[in-house]
């Protein structure tokens, strides 16, 4: 399917907390082909500063409405400009980019931390009606706005917060072994901070469960042309996170 | 009086035609000391592009409301950004800058062309209740929105348009000799395109009437520090348009 | 896009291009990555990523950083090597009707010669010598900052190929005209400039350089004034055609380079921002010419009046 | 503004500054022009506009142009001459409690010596050698691109003054470290860098250069990565203090230069955008240090970890 470069209409733009926003785009051509785990490369300004696009995961898709939602945290100038886009306006998008998750296995566990939870929402939706279990970690209750996004697609949500303000106090790695021992999972999907994903991969390997991880690297082109996002792979070759990934099999890539 | 660097509140922002806007600022500290012919150095963006401030003449002041109006034409990126500022917002202003017109003489004639008319409005106001005559030139009727601005301060307005759509067909220089011959003026103030001002100065000299001109040069600092705006003077020294001007006596400066 | 090729075509040292708008090495992959976004048949020429004898993994750590109106990169010449390029990648680009220019980088003078020889294959329209890449410790920039070494590289490459040879100059020199004169003298068929300026960014939270390689190459609109100046200086001084690049984002930018003396231009960083840039700029140049009744783009090359 | 001078003070080659934030030559006039907008007593040092033996009228035509995240200038060293400076201007600046550093430019080596000698007057804290101005045909840049000439200028100036001598380097060179080493060897007490990059802009409507002088100096955020890189390279290589400048707009930018190895920084183009920049940045640096429990700004100089 040819990749699209479109001006998508912004139909909704809401705040989940002080820093996190959800922007919903009406974009039939993007929606049509999008796979969970793929991302959109967004131009945040027509000015020259900041110059580059911003990669944001597809968080969810409403096929009926032909809309796509991106959930992002305001961390710098680019996301600050993105947050200023108003409903009714247009957003310059390239996508859907990259290789998403491979939907496979009968008892999947989804493990997300921080903003890494974003792509798991659409993944859970596409895994339905298969029973999906989700383990989510955040710093605190304020950061744990995700459950309502999963509400329609998954009943089984485990939550950890660093400060214990919601769910189990601690992080996902603390509760993961216990979940794995009782859950009988045959596939783990994970996205989040690298240390968390390393912990997940370690457990998955220990219990011999196949695991897919979703990486983040600084990206210029997003289409495999500039080589700013590559990482080493266990076959000795290189992989581009933007086109070969962002989703890889655990063990496929090194240097992350 | 110390110059001010203030965030002025935008109270009104209206369009006179497709390209021309009038922005009104509530700015007591700027209003207090402003003389006709002075200008405001406006920051149009917090981004780095475009980087420099934009000099805009003080078009009019309402001392009672403590507001100041700037009238400007959208010609490039800077003025385009300025045009996007909304009422209620703040505008980063330095001013009032430069040396304005010297109010002197009993029968003044004000000659303005294009956007050069802007500073003449406040000049006419400050000359009141003295009888003031104004000669205005524009390309066409659409560009001749000035008369309503002069309405309260001057009854005697002569108009020329290049296409004859309003007033006399032609330019100000075409009608100036006749006006001078009958008007008995003892001071001419002029602001507008350089060729027009040259014509005005020539006539003023011919009839031996003192004449003040207002110059435009590309400016970085606006306060006399960078020397981007200087021009030669007949005494062999240099003048800074931003601080020695923008208003000069005709004959004082060369190179314009 | 329906471009007027009669008006836009240029011939750079025998390389016939439908438009004067090429793509800069390292910023457009092998062209095929952008096939979904731009009609490759309407691009002036595709200059591929710097290619080396052996495959290279490139630099470790973060490879790009944004800077005001620009970006730094330290890719470090990651590439699959010339063999893989010729065997597997070139045929893919050759499916499109667009000249392919191969940007090559050697660790030694001899390697440049070997690369040129290996690239004597159908489907390659020209060779661009990357003697100016700031991101590789060995070689690279050294050749690009000394007129004699640059000339030596050109000479050996010319001996090993009949293809047009374009010398790509580094802007990180005191005297760009001396560099240009040296490569012209040595037989270069064209000159392209500028490569990136060397820059650095520091993370003030971690007290570490942002880039894995510490320093990197600055590209994008920020460097345009330096690029226009160098193109103007070089175009006045040499007889061979100049390909101008550095911060071109719009047709207006491209026209500035043409007026400065560039016979063609290349779009680099702009591809990342808007993948349709190369053909949109070609259309914009056409509009500019048509509005002024100019029938061939060559007629404005070098027409800036400086006296 | 209540600045913590204990935390912020620096000593650059004997010039004691209350804060490490100076103002760049040519961008802050003689300081007094900005007295309404900024507390001059809280500025690290004022470096005045390039001063010559005779008054100079500067270049004709348009003198500035905006470029992406930057600007070009070709003022051409307009200044009232050293005599007028000493007689009428210096006393005005000396009303404030701020060190005055005089930036000087000569057409010949001898003129630099004469200027230095004439400036041996109370109220001048140091001499900055402008051997790097791109806007004057004669002299200027020539001294700034050749290590030997630069060294000669430093030597003759040192012979004619007991004041600290700061050599200001041009970035338009192949090897900035060689330039720095040469002026250090010749006796310079400090080095400041960078001056502007040489650039050009063309008006695509008139087909003429935008600047009256055709080429001009590029300054502003656009050049920051180049400046940080050069400060880092030079600071590693010399023992004398380095004053860093080029595109500093914020305290974060300034900290980047300090970490790169600058013992003080200068604010240039930013003054035009926000006349309060120099003291606001000093406050910002103080906040940065305080947040990290650092009691003296000198403690972060050169602390970028590159291995």
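Which chain is which? They are A, B, C and D, in the order written, and residues in each are numbered from 1.
Criterion: contacts are C-beta pairs under 8 Å (C-beta built on N, C-alpha and C of every residue); 3 or more make two chains touch, one makes a residue touch a chain.
Computed from a prediction, not measured in an experiment: that's the story for all the values here.
C-beta contact counts were set side by side for A-C and A-D; A-C has more.
Chain A and chain B, compared by their mean Cα positions, are separated by 56 Å.
Averaged C-alpha coordinates put the centre of chain A at 36 Å from the centre of chain C.
Centre-to-centre spacing of chain C and chain D amounts to 34 Å, using the average Cα coordinate of each chain. With each centre defined as the average position of its C-alpha atoms, the distance from chain A to chain D rounds to 47 Å.
Counting partner chains per residue, chain D shows two or more touched chains at residues 68-70, 220-222. Residue numbers of chain A whose C-beta contacts span two or more other chains: 48-49. If each chain is drawn as a node and touching chains are joined, the picture has every node linked to every other. Every residue of chain C that touches chain B in the complex is listed here, in rising order: 68-69, 221.
Chain C contributes residues 26-30, 33-34, 36-37, 49, 57-58, 60, 62-66, 68-71, 73, 75, 78, 220-222, 249, 269, 271-276 to its touches with chain A in the complex. By the touch criterion given at the top, residues 67-70, 72, 145, 172-175, 197-202, 204, 207-209, 214-215, 218, 220-226, 228-229, 232, 247, 252, 255-256, 259-260, 288, 300, 303-306 of chain C touch chain D in their complex. Interface residues of chain A facing chain C in the complex, by the touch rule stated above, are 2-5, 43, 48-53, 94, 218-230, 232, 238, 243, 255.
Within the complex, the chain A residues that touch chain D are 48-49.
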